[in-house]
Amino acid sequence: MLKCESMNLFYGEVQALWDVNLEVKEGEIVALLGANAAGKSTTINAISGLEKLSSGKILFEGTEIQKKDPHEIVEMGIVQVPEGRKLFSYMTIEENLELGAYSKRARANFKQNLETVFELFPILKERRKQLAGSMSGGQQQMCAVARGLMGNPKFLMIDELSLGLAPLVVKQLFEVLTQISKRGITILLVEQNVKQSLAIANSAFVLKNGRLALSGKASEVANDPTLHQAYLGK
Amino acid sequence: MRKVKSVLALVLVIMLVFLSGCGSGGSQSASGGSQSASGGGETLKIGAIYPFTGGAALLGDESFRGAELAVKLRNQKGGVAGGKKIELSKADSPDANAAQSQANRLISQENIQLIIGSYSSALSMAASEVAERNGVVYWELGAISDPITDRGYKYVFRTNPTSSQFAQSEIGFIKEVVPAKLGKNLTDLKIALVHEDSLYGTTVAGFIEKYAKEEKLNVVTNQAYNMNSVDLSSVILNLKKAQPDVVIAVSYLNDAILLTRQSKELGFDVPVFIGSGGGHTMTDFQKALGADANGILNADFPQYEINKSFTPGLDEFVKLYQDTYGTAPRSGHSVTNFMGMNVLLNIIDQVGSLDPDKIQAAARSYKLEPGKSETGWGVEFNDKGQNKLGKAYVTQWTDGKLVTVWPKEAAVQEPKLPLLKWSERK
Amino acid sequence: MILQINSARKDFGGVTAVNNVSFDVKQQEIVGIIGPNGAGKTTLFNLISGALPLSAGKIIFKGEDITNQKPDLICKKGVGRTFQEVKPFGNISVLENVQTGAYNRLSRRKEAREFAEHVLEKVRLIHRKDVTAKSLTIADKKRLEVARALATKPELLLLDEVMAGLNTSEIQEIIPLIRSLAEEGITLIVIEHIMEVIIQLSHRVIVIQHGEKIAEGTPTEVINNKRVIEAYLGEEITIA
Amino acid sequence: MGEIIQVLISGILVGGIYALISMGLNLILGVVRIINFAHGEFLMLAMYLSFFLYSVWGLDPYVSALLVVLILFVFGLFIQRIIIQPILNTSATVKIFVTLGLSIALQNFALMLWRADFRSVHTAYQTAVINVGTVAVSIPRLIAFIVAIIVALGMYLFLNKTLVGKAIRAVAMEKRAAALMGINVKRIYLLAFAIGSAIVGLAGALLIPIYYVFPTVGTLFVLISFVVVVLGGMGSMLGAFLGGIIIGLVEAIAGVVIAPGLKEAVYFIIFILVLLFRPSGLFSLGKGSEEVGLK
Amino acid sequence: MRGLLSKKSIFLFILLIAAFALPNFLKNKFYMNIVIMVIFYAALSGSWNILAGYAGQLSLGHSIFFGLGAYTSTLLLVKMGVSPWLGIIAALIMSMAVGALIGYPAFRLKGPFFTLATLAFSEVIRYIASFWKELTNGAMGINIPFKPGLATMMFRTKEPYYFIALGMLLLIILITFFIDRSKMGSYFIAIRENEDAAEVLGIPITRYKMYSMLISSGLAALTGVFYAQYILFIEPEAVFNINFSSQIALMSIIGGMGTIFGPIVGAVLLVPLNEIMRSAFSSLNGLNFFIYGIVLIIVVSWMPNGILPTITNQVKKRGLKVSTDRKGAGKIDTAN
């Protein structure tokens, strides 16, 4: 479904990605792991078109997308839930969800997606008139994921889902992810919570200092010492 | 990309410097206001410092046209001192800083010995200073601030009346005309002053207040405002409270229009309203207000509806203006500059050259009777270089024209007072 | 006791980022602070360094109450810090960056410059001293952060994730550096994600989650604390 | 008593004009994050347009307003695309001086083409008033005031009730997240700048029956609109409206109570006080100082 | 590096000698006036550069301090007969005091909001100066009677003005040079680059911003005194003028903010450019400023660091390729 071929990316004179290759197959949950500043967010931002590659290719369903603008990429069904949620905090939940469905592709399925989302996160339905900024961290994260789902994605990328959340909430969110996956949406998960991500992922990629350090099936990766080295420096 | 752009910008800057260098080389020939002057014989070059850009550009240009026409006419008639042509070198001076730098440029760069100007008093102050220091004659044709000729400079002359002469005219008019028209005693008249608070308004209003006090007139309020105000309702409400018989306003154009419009809107009626030149004199004032302008009095340089036998040559000027620029003169500034320029040209004619010392000596003995010039003014310079015989005339807006109503020798009509109420003006 | 933190609390609007945190730091100790992202570690540093005012509680440095004092004053008193998100003075050279820090204790230009060079040598950045700071790599920018803070000659140095983004060998170079600092008499509080580094470095580790201190002790104690394992690495953990 | 009411009415009506001019500036500031120092020149161009439509084709300014608004909309698109877009990621200095350069260029462009003459239209209704007791209400000013209310409400509805409006607000709040929703951020910038220009175009059309136009007329209004925007709160339409009214009132009252010559100084002092003590503006509806980098 | 320094200083020394010898060769008063104006603007912009270029506080109200300087010395001269030389001291005190009063609240604001506040202060002061007629003679301005003499700082010829202006400029360059190489300069730059980081390096931000304000406003007052004695006429519209303030800023921005010689480069380019364009395009009123505006847009958006740093970088890069010891030579080459 998604294939990244030797991506290189610079911030000014600093190289953030070095020849990174990724592949995500349809219907999978894929975990993208690595320590802070390893290049995980950069990778998905490049896929989303927020950052431009200096060389390399990103293919989505066979089409090259590395030169496209973010809104065109969303139109193709690639949606990102950004790190730190980045909700529109002075808008209501409902408005946030509405904007999530801004793309033409999503507008068509607006009602249906809204139902789905409210089904997955009943709390959001309850509080749909509330300002997004006034909610707890967990609810905000739910709203962020819901907003992403409103974009009617084929391929959903989630950056740091569990960041700063209580374990119970994290657990809940991860459960929702598996449900989403069951609905046929491919998921790329950027996470610091290694074990939990690997527990639900089919396969995983591990980045280290902007380079791909390890990739493979989730179970293999989980037991590979390279993972711990990348993550914990061992 | 960024690098390329910055290099491009650098190239641009260098090119511009180079280009403007070329431009300046060519400017001397191009800057002559009157190309017609280039027809053989010796050419005498005179610098002309006016604001052609910036906020004062409109009247600056109008003033310059008067001087330009005087030169054009004289050149057509064979020039001065046996066939020498006059050429004006325009120097745009939007502010005092530019005026002094332009004066310097004219004097040292173009070797000019005589400078005219300038409409704006601030420019005049700065430029005449430079001229005096360099021993160059500075001939003021239109700026009215008194200090220009109060400094007792040797080379600075002014043909037009000053602020104090304006104020004297206005007080004179009130004394002579208003009590009879309103059926009140002079000392019972309530007089209100309203003026914009820049150099022009403050100066004129200051003299009016001073002379009014000397004449024991009753000044009930003095309102200053900023000429850039978008709303003058507070000024008008303050006036309304004072219930004056006479309002004397010192305004530029935009505030003059606003003052009138808002007076009407707020229903402020006053029996006598006198403007002091500036905005109240301009055709644009009337155009903007239509019938509402009717009856408003204005003390200023001579206007065109005037006793022509008192202002010989005025018709010729108006025609020349019309032929040259395609419109009627926009205000009396042009004829004022025209008159003063003619006086200067006469003196140059006498002297035969632009030698500053000779010109200043000739000017000091130059005399002209009242009623012999396009403005009706006589000419006699006091020891500080100010024309003692300059005078403001009072005119009244009548059906789109400023008709001269005072003094008697220049008037073509009796002043119609008191003013009609707003609702009655047609 | 060089630093005492008594019931520090920080609220942002309705959110409590740091809640009732207390701990002490002894002279020349290296204290590690760990916790998941967003746990409130950096906020804690901001409170100590004076970048943010406390909502409640007290901070005592060398016996003196420095609660809510201005950052520059706290620095003058001997607390240096680095930022997790590096904040180099981008348009001037690396050396000038460090020199700016050195002026904290040295007023003469020459002395400051020499000391800055000395510090740069120590952090192995001397070869880049003349390039502008913005053109450094992330790793070098982190080094620059440390160098600049060191140049102020702190007695207590707060290091906020200075190793994030460094590779293993780079990390292994920095660890001895930090140790040597402690030997020179500088007390260190280190926020770090990389558990292994913390274990290697710290004399004592404090664990923070959701703004609260959930554990404190020697590295071995902490690493085996069940609550810590849950908090830090997720629940279903059986770390290999 | 009548006098006090008259002062207040005059102030409020002038405030409506200030509000109208400021709303456009505020939208641009809130979304595109640029302080457009050439905003006054946009007003000037609109006034000239309105004037020429009147004097050449005899179109009443109220009739031609729609055309002026459209032209200014397109002009806004053009300026945003050519001049503003390229400098969006640069320092504050660059932004300030580029828009200042634009202001100088446009002012002198007008001077070149139309000279420095003051131009105003002369319509039958320009000094028409409604008299309520002793209080006079100028009709053109009242019209401008009512339009200001309509625009403020219209903008409020547009920004809060339509999807595009919400997208504009989304970009103002979280531009990267907005991009991830499939919102074309550059296009939103273009739109916001163009709408802002169109509103100031409307202001120009409504101002021409009251005031007059000359090349530097914009400078009279641009500083006032900065004051209004800061007072009302960055990016808030309702704030700009209320801010405009307040400045109008302050000006009118100060003119009577203190001195007409100092009324401008009074609102600049208020401006400074607001900047210092409530930098997010008096009516900042949510979006505050942090959002515009004021913190 | 040391060899370079001496090369640089030799070059500057030659420049200095040339500057002192200039009046002997330049007898044309117009050119002399332009040269004096260049020096004057370079000095004034140089004073702004300390506040804005070094400490990063982008003020658009710098004419406040210039104007206060001019007014203070002029009022003392006209009303009390105090020599402008003594007036300088009063002007310094006055200007620095107002600078402190403005800075104290305004330094809490950042970025464009600081700039807007300085604009507002500038307007307030202009209105006050126009309104307070008893003191300032209001909009009528003050005309300084021409009484030539060393004590009155008025001269018939341009040369003395030239040397006073040159001295002023040298003083400002020296002070800038000193700041550039001292702790204070490092602190200014640190504040400009990143206030948060500066704070934790022990830099008392507000105090150092205030230092920059005091130095900057004091030096601007100095140029104001000179201006008043040179033009002999001051009025609020001319000296407390926002456009004037932005011109002052522009010289440094075009030349290169935060560099010692940037303001000079800017003044050397822009002052003559203004003069020349004014006379070259006198046929069409407004064309000169129209072009000026367009150039401003292009230069600022394409070369945001200004001319000096751009050239320096170019030369540096090329210099490095050829031989490493020519590094930094760009600064010297562009200083003339």
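Going in written order, the chains are labelled A, B, C, D and E, and every chain counts its residues from 1.
In this text, a contact is a pair of C-beta atoms (placed from the backbone, for glycine too) under 8 Å apart; a residue touches a chain by one contact, two chains touch by 3 or more.
No experiment lies behind these values; they were computed from the predicted model shown.
**Student:** On the document's contact criterion, could you list the chains that touch chain A and likewise touch chain E?
**Tutor:** Looking at chain E and chain A together, the chains touching each of them are C, D.
**Student:** If you take the mean of the Cα atoms for each chain, which one ends up farthest from chain C?
**Tutor:** So the chain farthest away from chain C turns out to be B.
**Student:** How far is the middle of chain C from the middle of chain E, if each middle is the mean of its Cα atoms, in Å?
**Tutor:** Distance between chain centres: 42 Å.
**Student:** Hey, how far is the Cα centre of chain B from the one of chain C, in Å?
**Tutor:** The separation of the two C-alpha centroids amounts to 73 Å.
**Student:** Averaging only over C-alpha atoms, locate the centres of chain D and chain E and give their separation in whole Å.
**Tutor:** Those two chain centres are 33 Å apart.
**Student:** Going through chain E residue by residue, note those that touch at least 2 other chains and give them in order.
**Tutor:** 127, 130-131, 285-286, 288-289, 295
**Student:** Taking each residue of chain A in turn, which ones touch at least two of the other chains?
**Tutor:** There are none in chain A.
**Student:** Which parts of chain B, given as residue numbers and ranges, touch two or more other chains?
**Tutor:** Touching at least two other chains: 53, 57, 61, 197, 224, 226.
**Student:** So, with touch as defined above, which chain pairs make the list?
**Tutor:** Touching chain pairs, listed by label, are A-C, A-D, B-D, B-E, C-E, D-E.
**Student:** Which residues, counting only chain A, touch chain C once they are in their complex?
**Tutor:** Against chain C, the touching part of chain A is residues 12-15, 35-38, 134, 137, 160, 162-164, 166-167, 170-171, 192-196, 199, 208-209, 223, 228-229, 231-234.
**Student:** So in the complex, the part of chain E that touches chain D is made up of which residues?
**Tutor:** So the residues of chain E touching chain D come out as 58, 60, 105-106, 108-113, 115-117, 119-121, 123-124, 127-128, 130-131, 246, 249-250, 253, 257, 284-290, 292-297, 300-301, 304.
**Student:** For chain C, which residues count as touching chain A in their complex?
**Tutor:** Going by the criterion above, the answer is residues 14-15, 36-39, 134-138, 161, 163-168, 171, 193-197, 210, 230-231, 233-237, 240.
**Student:** Using the touch rule from the top, collect the residues of chain E that touch chain B in their complex.
**Tutor:** 28-34, 37, 127, 130-131, 133, 138-141, 143, 145-146, 156, 231-233, 235, 237-238, 254, 269, 273, 275-283, 285-286, 288-289, 295, 298-299, 302-303, 305, 307, 310-311, 314
**Student:** How about chain E: which of its residues touch chain C in the complex?
**Tutor:** Of all residues in chain E, those touching chain C are 181-183, 186-187, 189-190, 193-194, 196-205, 258.
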